[in-house]
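Given below, in the form of structure tokens, are the structures.
Consider the two complexes below, in which chain A is the common component and chain B and chain C are the respective partners.
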Partner chain A sequence: MSNFLQSVRGALILGVAVGVIGVLALLFAEPFYQRIVFIFMVNLIAVIGLQVFMGNADITNYGHISFMGIAAYAVAILATPAAIKKTSLATAPFGLGTIEVALPIAILIALALTVLIAFLVGTMLVRQSGTPASIATLALLVIVHVVIMNWVDLTRGPRAIYGIPVKATLGMATICAILAIVAARLFRDSSWGLQLRAASENIAAASAMGVRIKRLRLVAWVVSAAICGVAGILFALFVGTISPKSFYFDLTFLTLAMLVVGGAYSVSGAVLGSIVVTFGFEIMRYLENGPQIVGLKLPTMFGLTGIFLGAIIVLCMILRPRGLVGDDEIDEIWRRRSKNRERSEISANASGAAQ
Partner chain B sequence: MMSDYALQQAFNALSVGGEYALLALGLAIVFSVMHLVNFAHGDMITVGGYAMFLLIMFGVRDPFLVLPFGVLVTVLAALLIERVAFKPVRGASPTTGMLTAFGVSIIIQNVALIFGGSRPKAVPTADWLASSLSIGSVQIPVVQVLETIVTLAAIIGLVALMRYTTVGLAMRAAAKDVPVVRLMGVKADRVILSAFAISGFLAGLAGIFILARRGAVDPFMGFAPVLKAFVAAVLGGFGSLPGAVVGGFALGIAEVALQVLLPPEIAGFRDAFVFLLIGIVLVFRPQGILGERPDFGEKS
Partner chain C sequence: MLSLSNVHVSYGPIKAVRDVSIEVKEGEIVALLGPNGAGKTSLISSVVGIAPIASGRIAFDGHEISREPTEAIVARGLTLTPEGRRVFADLTVGENLRLGAASRRDKAGIAEDLEKYLELFPILRKRYASRARMLSGGEQQMLAIARSLMSRPKMLMLDEPSLGLAPRIVDQIFELLSSLRSQGLTMLIVEQNANEALSLANSAYVVASGSLVFSGTASALKASGEVMEMYLGLEGQE
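Moving on, here comes the complex of A and B:
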């Protein structure tokens, strides 16, 4: 039980940090910056979803954004007012072009659909480890993208779906982000999370101890997809229009960079990485557009954000392959440090007394 | 008539398969010696392509200078990337290597974007590459014939290299056990550089044909072919050289067959079916067509 409380306390430290960012933005920020903070919260939720699978099962996952896309499209198709659908999605199959579902129900259906698809994909995916599994997740990303691009009747193909009810607020996104942090931390510290992490260190030893690796990977995969689904739904309900390119390689790279920079093996890493990379990314985006700095007109350089992302991934892999935070959560590191300090103080006192 | 069409499509399948085989071989040879999944493989082609573009800008138009120059730059790009980015992560986990490669790929694409812009830049290759051969009543593009022949020649050359040279022996040995190879007095560095040089050379060859088809370079041109090459490599068994060849041709044939056989209204989904192949292979034959099944507990 004390372990449970420790996990919750550790998660709340991160949750408070994220909450402070959200509240400060709500109180003081201009709409432009509120929008950046909202997108930060959405990305953070996706990164945490990614961490649940990648950090515990130790399989690099390129497919998480496809679940964001599935959930976003599902909620968009269900909840867009019928009047708008008459012009945008008139030919949608299963009568989806004419019905309009109440938002809470649409959200539930979208999440359920995401979980169902994740489960079906997961049963195939968890049979693989390492590199082949990663490439399978990459294939998932491509498949979902190709389907969205080509199922024109249902998704409008490459064109955007518009008129999605804009109901998500920064407050909601902040609360969802905090809940995602708590859920991810509880999963990591649960016996399932522990068994999975043990299996990722030594698969033979763990399965000899009776760890049911495939089943646990599947659980992590589905939880991860559900959290990413929440991110997708928030995105759709905030921006109001979505198109396939919002859920492809760009966002995959961005969220992966966030996770690996912070450290995939802890929820703290996911949060820290999201903050650091968002900060750097926004600065680069500002520079990219050729701003005027102290009277000096900089040239526009589209591609700067991409170079930044690539460079920080490469540098991080070379200098700190396990990320800024490393293998343990921040509160665990603090606790260990203070314990060591106490111990060294005691031994210093003891040696002082002996003299 | 029907058989003419079939013959044309067969050549089409062989040339597409050849391109995938060349790329998948490059991926496999690097993977086999250092367990690195090189996502930046396609971006070396982009570098080679832009090099050709620059050379043509400077007024050199002779294809017998431009094309070899492109291949040479592709090889140099492969070696440079190995030195700068992959050497520091040598010996780290496969995940680290794969993410590093992804980072390198993004950097190259965006450097090309900054200096070259996002619009495609025309790179005229040779006229005779764009012409067609008539065999009886059948018209077959020269590119396709050459690509098939060059691929087969490259495969034969590679087999000879792996079999009859010391470097080849060292690379085959390194695929099994790197520490032992080093104990035998072979420099790991040399083996790895050779692997990258070969993979760059194969990518350069594939790059010429990709360029001949597209007629232009753009920052993201290398990305899509390499995604397909991944499918080919997984199909054949990741890290297996014969597997890469078989997987490449199998994918080429499957793709052209889908293109021909799928009704037009679902032809757009072709790539979804192609990538679904990965899922099917992983479920029913995880080691691929020719790969060896890793021992349980082995990290792959």
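Moving on, here comes the complex of A and C:
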């Protein structure tokens, strides 16, 4: 089987798992749980976006959520009905307070803007490696946040933008998540992804072979930002209202925890980590509010979710520093295992026959 | 084919290579010899643009390449096989080979070369899906050489191809290099193992403490007892 088909098949195994979650929620879940599953899909897309850069270029990234924010704000400012903007964004510059852009066009503009900003930031960022690069991504997160907070005419500052058309559905989010999985897997297995992973293992040897590390990092960075942008747009179009704190440290660390727990070096890790952390996080959130369990009233424990995130990252760092999945995709691990089993069966048969 | 004139390489205030000129003609094997720390690796790293050259000129195939980025030099057909078998340990043999062709765009040609080198190195076909870290030292060196060949070089520079290998494996590697020469590949071989390298080379250069102390034909070097003894720790042929 060709490499390409193998990658697609591997991605679809994950895609089916995510699809099943989406379909089950659509068919059976109450609206409250459907909402949780929708947010799970949005986070999953952001984690996959994060994986594209972090997993292939091996640079810890704190800036991915800023692209989610940029895309969400762009689509919100463009697509919110003019009648609502009259009260919320009347003073917006460039005439944005009075125009109303059709949703598909607004989405395209939002994505294009995200890609453009990612490209400009990326040209500077990719010159750095390791910790300096990570700090630059952290700076990006803070800068974007500060701009959103202070460009009050355009973004309403710390106050929320409301009245965004609520057009996103769980079905759409599920499809986007599956597409993101396929895209990330194809990128990982492409010659670009391969060259980037080689460079992150041994930069000297990779450059000796003529791998254009900076250019490839830039490609990964922009692809990553575009995928995160999709997550931001879905979020805005589902919740209908956004504010700067939706796209800041909380979400950054939640998505980072998901990726680190699952394993940053594979798309499988991104998916598995998102599922595991979401599940744990929702349980903690339930416990946080002091529920009554088999007649026992638990105390309210604010901050339990935060402790959970911290603990799970630390535990993962100690016990499985490369994440639950490790370096390979799940289908690659299966294939290797079944091959080894065949081999040991053959040798067992051979030794049995010899006796 | 490759000519270095008055090349200096510095790392900050430390001068690693001083005023070295080297000439490699097409179809030749040239040995670059010298003790540990003489500046051999710095010198060939500077040729492919990995180490910065402070001054001097490097020309390959009639083009000045001293200011070109590595990928452009590799695309011109000059490839370095780095010291210590720098294979990508976490990647498979197949992925390592694909990476060798990173500077190429001709898909059909890449597939053709892959088949050709799997034919030439049967062990790599057998281990195609294994991680490079699972290979023995000799197999890793074969992989490193095959990977360099995947860039379809006109000239190959090998940094210490015999380092850390058993004598029997070293013989195999040098046999392989000799068969590559008969296919018309030009080579610059950096070695501490002077005897093996000189058995193959047409001409030789010896560096010590960053400067050239000998240049001439391989047989002239073998005959020069003083250089052999002082710099290479070997008895010359009297």
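Assume the second predicted complex is superposed on the first by the 354 of 355 C-alpha atoms of A that agree within 3 Å, B and C clash if a C-alpha of one lies under 4 Å from a C-alpha of the other, contacts with A are read in each partner's own complex, and residues count from 1 in each chain.
We adopt the following convention: contacts are C-beta pairs under 8 Å (C-beta built on N, C-alpha and C of every residue); 3 or more make two chains touch, one makes a residue touch a chain.
Note that the structure is predicted; figures quoted are calculated from it, not measured.
Once the two complexes are laid over each other on the shared chain, residue contacts for A:Leu298 go to neither chain B nor chain C. Looking at the shared chain after the overlay, A:Val20 reaches neither chain B nor chain C. Residue contacts after overlaying the shared chain place A:Ser129 against chain B, while chain C stays out of touching range. Of the two partner chains placed by superposition, only chain C is touched by A:Gly210; chain B is not.
Contact with chain C, but none with chain B, is seen for A:Asp327 once the two complexes are overlaid on the shared chain.
With both structures placed on the common chain, the touch criterion links A:Leu194 to chain C but leaves chain B unconnected. Residue contacts after overlaying the shared chain place A:Ile313 against chain B, while chain C stays out of touching range. More residues of chain A are touched by B (comparison of chain B with chain C). Look at A:Leu116: by the touch rule set out above, it reaches neither chain B nor chain C. Chain A residues in contact with chain B (one complex) as well as with chain C (other complex) are 202, 204.
On the chain A side of its complex with chain B, the touching residues are 58, 60, 121, 124-125, 127-136, 138-140, 142-143, 146-147, 149-150, 202-204, 253, 256, 260, 301-307, 309-314, 317-318, 321. Every residue of chain C that touches chain A in the complex is listed here, in rising order: 48, 50, 70-75, 79-80, 82, 86-91, 95, 98-100, 102-103, 147-148, 151.
Chain B contributes residues 31, 35, 37, 85, 88-89, 92-100, 102-114, 118, 219, 227, 230-231, 234, 238, 266, 268-269, 271-272, 275-276, 278-279, 282-283, 286, 296-297, 299-300 to its touches with chain A in the complex. The touching residues of chain A, counted against chain C in their complex, run 191, 194-195, 197-198, 201-202, 204-212, 327.
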